[in-house]
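Take a look at the structures below.
Here come two complexes built around chain A, the first alongside chain B, the second alongside chain C.
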Partner chain A sequence: MMQNTEGKKSESETYLRVEKLKTQFFTARGIVKALDEIDLTIRKGEIYGLVGESGCGKSVTAQSIMYLVPDPPGRIVSGKIYVGNVNILTGLEQLAKITVKSETNVKIKRNKRMIKRHNYLLSRIRGDRISMIFQEPTLALNPVIRVGDQIAENILLHLKVDMANAILRREMSTRKDYESFVQKALSIGDKDARNKAIREWCESYSISDAEELVRNIFLTYQDPETVVKSIEFIVNERKSGTNINRLSRAREYYLYQQRLFEATLNLMEAESGKNQDEIDRARTALNEIKKEGSSFLSFRIINKFIGKRIEAPLRDAAKRRVHELLNLVNIAEPERTALSYPHELSGGMQQRVMIAMALASNPQMLIADEPTTALDVTTQAQILDLIRNLNRQMGSSVLFITHDLAVIAQMCNRVGVMYAGNIVEEADVNTIFDNPKHPYTIGLLKALPRADRIAGKMVKLETVAGSVPNLITPPTGCRFHPRCKFKMDICEKKKPELDDLGDGHKVACWLYQEPGGSGK
Partner chain B sequence: MELRYFILRRLLLLIPTVLGLSIFMFILIEAVPKAILVTPYINPHSRIPYIIQEANALKILGFNYPPPIAYLFYLDRLLHGNLGLMSMPGYPNSVAAAIVDAFPNTIQLTIFASLLSIAIAIPLGTYIGARPNSIADQAGRVFSLTGYAIPAFWLALMLQIVFGKNILLGNPLGVLPFSGSFSASAIPNPTPSWFVNGITYPTHLVIFDALIHGDFPLFVDALKHIILPVLTLTYGILAGILRFMRAGMVDASNQEYVKTARSKGVPEKLVIKRHIRKNAMIPTITVMGLLVAGLLGGVVLVEYVFAYPGMGYLTTQGILSYQIWLVIGTTLIFGLILVLTNLIVDVVYALTDPRIRY
Partner chain C sequence: MLAVSGTWGVRQMTDFGTGDGGTLLYVSHLKKYFEISKSGFRVTGHVKAVDDVSFTLNQNETLGVVGETGCGKTTLGRLVLRLLESTDGDVYFNAPKEVIEKVMSLERELDRMGESNDGVDKERYDSILKELKKLSSEYSLTKMSHRKLKKYRKEMQPVFQDPFSSLDPRQIIRDILAEPMKLLTDMKPEQIREKSLQLINEVGLSEDHLYRFPHEFSGGQRQRIGIARAISIEPKLLVLDEPTSALDVSVQAQILNLLKDLQERKKLAFIFISHHLNVIRLMSDKVAVMYLGKIVELTDTERLFTNMLHPYTEALLSAIPIPDPKVGMSRIILEGEVPSPANPPKGCHFHPRCKYAMTNCGWSPRDMVLPLQEILEPLRVKSSDVLPTTKEILTDESKNTVELTFDKALTSAQFETFKTFISEAAAKPNGVRFRAIKSITLGAGGNSILMTMREADVPKLKEVKPGHFVSCLMYEKGAENTGIRGANVGKAAS
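Right, the complex of A and B next:
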C-alpha cells in the first residue's frame, strides 16, 4: 500500500522501475540465487551508481534489465521491470514453466510461440529506449563488421521513421526553394548579376557542372512554371534522386509496424491481467491493425527485391549520423574510423565506438557495466567525462555499474549498494559517503582511502572481514549476517526489507527497523 | 588494394612450392629401379638390342648424368608438358594425354560434390547451430558423425546395392547406373564426330558435351551416372562442414558481440544471419579447404568403385599395371591441385576475416 502511493508520487520522474526482480541460474551444482527480489528505481536524467563486491550481482542486474541473462542456465523467475511505461517482463509466466524438483533437478518448459512474441517486444525496446555499454569493448564489438556499419545498424533499426520524415520534409521544401529562386532570378534585370545568382545557387546544390544549362534555361524561357520544372529535372538528374513516392510508402509501412507493435504490447499487457474483456478488446484491435497489413502486400514484395534502393536515402542519412555520433564521442577522424574494423582501433576508441552505438538511437536510458575497467587510467578518465557530459547534454538516465567507490563519488547522483543479490542501501551520493547506515556500506567505506582521513597520518585501511557467500546456499535472513559485527537473533531468521528512513535514504537492516517486536 | 598484393605474393610463392613438389617427385623417381623407368621407352618388337635401347632411353631421360643434372632434364620435360610414356590398352601412349582425358571428370566430381555439400551444410549448420541440443541438432549430430565414421568405399558399395540397377532383383529403388560415365547404349548411332574413342569433345565431360551438341538422352544418361559417385563424395565433406559450421555457430553465439547485437534490438533472425553466421563462416572456410583437398583422396576410391574414368581411376589402373610414369604424373597433378586449393582458401579466408594481415 505504502509503496503504491509512493510509486504514484514519483511516477512523473521515474524512468526505470524494477520491482521484486528475482533472477536465478539453474546449474548442475544447484540454483544460484543471484538476485533476491531487488527493487530499484532510476529517475529521468540521473546517474545511478550500482556498487558492490565482485559476484554480488551487478552484471546480472544489468543483464536482467535488458533481458539478456544467458539462458540456459539463467532465467528471470519473477518480477517487473518498467522501462518508461512498458513492463518488459509482461507475460513472463507464459514464456516458460519452471518446475523445481530439487536444487539440481529443475525442468524448464519453454513456450516457443510466446518467446517469439517476447523477443519481438524486446527488439523494439532494446537499443531504442535503453542501451548498454559493456565492460570489454574488444569483445563487445563484432570483429567482422565495420564499426560504422555496426553503429548504422542501430540507427536503421530504430530511427527509420524519423529519418524518412526528415528526408521527405527536405525534399518537399526543395520544390519551394526552386520556386523562390526562380522568382528572384527572373526579377534580376542585370544579366551579370543574374548569372552570379545562378552560379551561387548551382554551387549550393552542388550541381556546378550544370550551370551553363541552368543559365540557358533562364535565357530560353520566361514562364516561371516551366523554368522551375526544368530546373527540378536537372537537379534530380544530377543527384541520385530519391524516389519520393516509394519512400513515403515505406514510411507508412514503418508507421504500420509501429502500430502493430503497440497493439501487440497492449495484448500482452491485457493477457497478463487476466481480464477477459480487456484481452478480447486488445485482440480485436490487433487483428484490425493486422488487416491493414494486407494493403502493404505489394510494397513488401517490392521491398524484398529493391529494399536496398528504397532505403538508400535512409542509409545515407544513417551514415551522416554515424559521423556525427563519432564526432560527439570525440573521435578525430569520423569518416576513416567508420570504415575501420574493431581490431584496428585502440581500447579507448573501441569504447567510444560502443558509446556512440549505444547513443545512436537517442535512448532514454543507458546502462554502463564497468565501462572503464578494461582501460588505462587516462582513457578511463576521458570515458567517464564523456559519459557525464553526454548525460548532461542528452538528459538520458544512466545506470552506472562499478566496484570503484571513487568513480561513484565523481559520477553519480544516487547510489545503490549491493550485497549478495540484494540492494542493501540506497541514497543520494552525499548521504552514502557522509552518513552510511548499513554495516556493509560502512565496511566498504572504511576500505576506501580518503583524503580527509589520509591527510597527515598513515591510516591502515580496513577490509570487510569474511568473504562473499556462495549464492547456491546463501545465508538465511539477512545475507550479510555471517560477516556482520552487529548481528542479532532476528538477522538469521528474517530478511530485512529495503525501508525508507526518510529523504529517500533506504536501508535493508534490522538495526533500523522494528521487526514486529524484537529489535534493538 | 592490399589484397591484390597479397594474392600476387601468394602466386609468387607458388613457384618455390611447385619446384619443391617437382623435386620431391624426382626423388620418388630416383628410388625406382631404372629398368622399370625405361620400360615404356623400349619397343620389344624392334630389331635393335634391348641393351642399346635401354642405354638410349636412359640418355634421353638424362639418367646417365648425376641426379641433380637428371633432375634438370626432368624439370625441362615437365615444363614442356611431357610427363613420360605409358602403355596400357585403351589409353594413349603419353601420360599427359591420358591425364588430359581423365582430369575433367575428376574436377567435375569434386566440384559437384563440394558445391552440393556446401549448399546443404551451410544453411543446415546455421539452422542447427542456432538451436543447440534441439531434436534437429541431435539428428544433425548423428548424421555428421555417421558421415565421419563411414568409409567412402563402403558407402559407395552400399549405394550401389541399394540404388544400382539390376544388382538386387526386384528392388524398386534400383534405378541408377553404377559404373562408368555413360552407358554404351546411350551413344548416338551413328557415332557423332565429337565422340572419339569414348572421349567427348570439346570439354571431355559427357554431360556438358551432350548438352552442347543437343543430345538430350545422352545428357540424362550421363547425369544419372554421376549421381551415386557425387553422393558418396558429398556425404564425407558434408559431414565435416556441417560439424564445423555447427560448432562455429555455437561458439559465436556465446560471444559478447552477440549480446551487444541483442542489446541494440537486432531481431533474432538478423542476429543469427548477420552477427553469428558471419563469424561462424571463418573456421568453416578453413576446414572447407582442407576437406575439399581431402576429397582428392576420396575420389581415387570412389572413381575406382564406380569405374568412373577420372584421375583416380586412371591412377589405380596405372598402379595395377606398373605404369610408373603415369602414377608419378597423376601424383604430381594431385599435388598441384592441393597447392592451388590452399591458395584459394587463403584468399577466401582473407576476404572473410578482416583481422587477417596479409
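Right, the complex of A and C next:
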C-alpha cells in the first residue's frame, strides 16, 4: 500500500495500471513469449488505443487484464495489474509454480484450491469493474440462448441487490414518492442532464422500459400535478404484486453475499500492500461477515428449492433493463431482438448485443478487442460512435484494441503501439500521428492507403519489409531489428527500454537513448 | 492516359480505341437470382444477388467494386469468371471490337424502342432480339459451351480473399503454381518449371520457396503465391476479391504495390473488389458502388471521391475512418443495416436509409408500421380519449395500403385529430414517408382508418453528367430534391 498512498495525488486519475506484465504460452513447439514485461496505464475516462499488426500481443494483453488467458497452454508468468488499487495478480506465485527445464520441457504445478478462489474473485471483478467486447461476437455469445436472456443473466449476476432495492421501492411507492423527483426534474433546464436524471430515476424504480414515456411526459407537460399523475399511472401499470417479505429477505441475503465479496477484495488489496496491520484488519473484517452467514441458513435452504421463484421478479426487472440496454446500443426493435438467437442477427447487431452485454453490469472500464474489424465501414462508424458516446456519457475508461490506425485516429486520446510483445511507443494521439518516433510506428503510418489524399495509379505505398516474427524464438535485443531500416549494432544485443522523451511521449528505441544512459 | 469520359458507359459507349487498347470486357445486364427454398423443395423466393449490372473495362484499367457486405460483389466477380452460372445477361470478354459495337448499338436501339411512346415496330423489335441472341450465343461467356469457354478461361483469373483456403495444403508450391499451366495450356513440363521459377521471383519470393507447403508461409506470402498462380497463364484480366482484407497494413502495402507493378508491366485489367475504400481509391481508375445487387453509381475514381452524386455513396464515403486525428468526420451515419436482399425495399432500394429521400422513392406500407406506432404510442398516456386504442396495423403491399383498426369507432372529430397527427408528422424534416401518403379514409364501420401510399418510381442507372452514371431519382426532371451537396472525403470538420 505504501507506494499507493504516496502516489495517490498524481495518480488518482489512473484506473488501470499494468506493470512488467509477462504472459507466455507453453506449447509443444516451445514457449511463446507473447508479452515481454509490458507497462501500461489507463486513466479514468480516457480511450486508450492499442495498435499493432496481428500477432503482436494485443489480444493477449486484453486476455491478461481480464485474467482470461487460456490455461493451458498460457499463463501470466509475472507482473502486476492494478484495477483501481487492487492488484488482481496478488499471490500469483502461489497459484502455480513454473519450472522451465528447456523450451519444450516445462513443468507447471498448479495449486487448484488457490486458483479456484482467485478465479471466483476475478469473475466478480470482471463483470463489476471491467467488461470486454470481443472481436468475434459469435464466440462470445451462446448460440442456443436467446440474446435477451444472455444479457439478463449478466445483469442478474452483478446487480441483484440494486434490482431488489428498485423493485421493492417500486412496489411500495405511492404518488407522494414521485413528487420530489418531479419537482427536481422540472427544475433542470439542461435537456441532457434532465434525461440523465430521468434515466437514473427509472432505473431506481425498475421501470427502465418506461424511460422514453417518462421523457415524453416531461416534454409535453410543465405542470407538476399532471406529470405526477401520469407517472403514477406508469408506475402502477408496472407494479407486479411481488411477495414483498420474501423479496426483502432475499435482498438481505444478496447484500450479505456482496459484502462478503467486498471484504475478500479488501483482504486481497491489503495483501498486495504487505502491511501486516492492514492485512490483519481485513482478515478480521472478513471473518466477522462470515459469521453472519449462519443467520441465512434457513433462507439458503429455501433458496435452494425455490430460488427460481424468488428470483422471478428480478428476472422480470432484468428483462426490462435488457430492453433499455438494447435501446442504448441503437437496436431498433429491442423486444424482437431480445427474443432472437445470435445466428439470427447480422454481424453489426451481434456486436451491439455484445456491447449491451458488456454494459449490463455498469462497468468502469471497457476493453474492446477489435470490435469492428469484421464489419462494414458504415456499421463500423455506427459502433465507433456508440462506444465514444458511452465513454462520454458514463465516463468509463476504454481500452480500444485495433490494427487500424485510422480507427485509432478517430477514437482515442492516447495510443500505445505494440510490436512483438512490447509496447514500443506511447503518446497522445496527436503526437503519434504528427511526430512518430519509433521506426515501426513511422513505417505503419506510411504504409496506410489514404482516401483523403489524392491517390492513383502512380502512387506507390511505402512498406515495412518482412512480417511479425514468431514469438517462440523472437529476435534478440530490439525485436524489431530484422525489419528496421535504422538498425545499429546495439539493437541486436540489448533491448531498449520504453523511455519518456518528455510530455509522456515514450519510445523504446536506441535511436533516442544512450546505451549506457538508461541502465534500468 | 486514362480514358475518362464515356468510354465505359453502359449504352453511351462511343469513343472506342481511346484508352489503352479498347474494351476488354463488356458486361451487359447481368443477373443472378439465387432461389430460396425453405423446405428444400419448394422455391419460396429469390435473392437478387446481382440485378441488372452493366459496365465495361479496358485493358490496363482497374474497376473498383465497393459496397456493404452482401451487396453482391463476390457474386458479380464469380459471374464474370463464370465460376457461377448467371440467371440472365451477357459477358463479352476479349470479343472483336465490331461485335461489341454491334451489340451495344442494338441494345441502344431496343432501349429507345422501350422508352418511346409511339407504337413499337414489332418486326424490327423481334429481329433485333434475334440478332442479339445470335451474337450472345456466339460471343457471350455466359452462353458459351464449356469447351469453347476453355479458351477464355486462361485469360481471366481469380485471386481470393483468404489465401489459405485457396491453396491446396497437401501440395508444394511448385505443383500449386504448375496446375493452371498444366490444365489450361499445352506447355511442356520443362517450360512450366522455368515459368514457375520466373513467377516466384516476380512476386518477390525465391526459388527455395517452391518446395515448401502453404502452411509454412505467412498470409502475405500466401497471397503472393495466389497472385503468382493467377498470372502464371498470362491472363488479361484478374478478378481480385478482397485480396488484402485478411492482411496487416504493412503486408497489404507490399501486395498492393506488387499488383500495381504487375499491372503496369503486363498491361493487366483488374476488377478489384473491396469494402476498404482507402484501398479502392489507391487502386482503381473507376469505381462501381453497389447496393443490394445493383450498381448505384459508376464514375472515375477521383470524381467519385470528390464529387459523388448518389446519397449512398456520400454516406459510405463519409464513414471512412481517416488516419488523422485532426480530421474530424463529417459523418452521415447510415441508420439501420443493409435490408435483406430476399425482400428488398420497393422503389429505390436505398430509400429507408436515404436522408434525401423523396415521396416517390418507394415508400410502401411496410415502411409505415413502426413510425405509426411511434406516433400512436404517446397518445396512450397523454389522455386516452384523444383516440381509441389501436388494435392492429395491417399492411397490404399489393394494394399499397395500411389499415389501422381501433377497438371503438372513431368520432369525426377524432378522425380529424388523427389526420392532424399525420400532417404534423409529415411537416417534420424527416417526415417524408408521411408525405408519401396519398389518401386517408375512414373505414366503413368507423373503427378503422385506411391509408393509401403513392406509387413508387424506380431509379435507373443513367448518365447524369458525362461519364458519371447514377441511379437516383433526384436527378430526374422535376424532382423534389436536386442532388447532394457534394461532400469531400476527409474534409476537416467545421
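As a working rule, the second predicted complex is superposed on the first by the 406 of 520 C-alpha atoms of A that agree within 3 Å, B and C clash if a C-alpha of one lies under 4 Å from a C-alpha of the other, contacts with A are read in each partner's own complex, and residues count from 1 in each chain.
In this section, a residue touches a chain if its C-beta (ideal position, glycine included) is under 8 Å from a C-beta of that chain, and two chains touch if they have at least 3 such contacts.
Computed from a prediction, not measured in an experiment: that's the story for all the values here.
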item	value
Partner chain(s) touched by A:Y120 [first = chain B, second = chain C, both, neither]	first
Partner chain in contact with A:G443 - chain B first, chain C second, else both or neither	second
Chain B versus chain C as contact partner of A:T378, first or second or both or neither	second
Touching partner for A:Q393 - first (chain B), second (chain C), both, neither	neither
A:M132 touches, of chain B and chain C: first, second, both or neither?	first
Dominant toucher of chain A (residue count), chain B or chain C	C
Which superposed partner A:H403 touches (first chain B, second chain C, both, neither)	second
On chain A, the residue positions that both chain B and chain C contact, one per complex	none
Contact set on chain C toward chain A in their complex	2, 62, 68-69, 218, 220, 248-254, 256-257, 260, 264, 275-282, 285, 301-302, 305, 315-327, 329, 331, 333-334, 336-337, 370, 377-378, 381-382, 489-491
Interfacial residue positions of chain A with respect to chain B in the complex	63, 66, 68, 70, 116, 119-120, 122-128, 131-132, 134, 136, 139-146, 153-154, 157-158, 341, 343, 354, 357
Complex contacts: residues of chain B adjacent to chain A	254-257, 259-268, 274-275, 278-279, 282, 352-355
Touching residues (chain side chain A, partner chain C) in the complex	53-54, 213, 216-217, 220, 230, 233-234, 332-333, 346-349, 376-382, 384-385, 403-410, 429-430, 433, 443-445, 447-452, 454-457, 459-465, 467-468
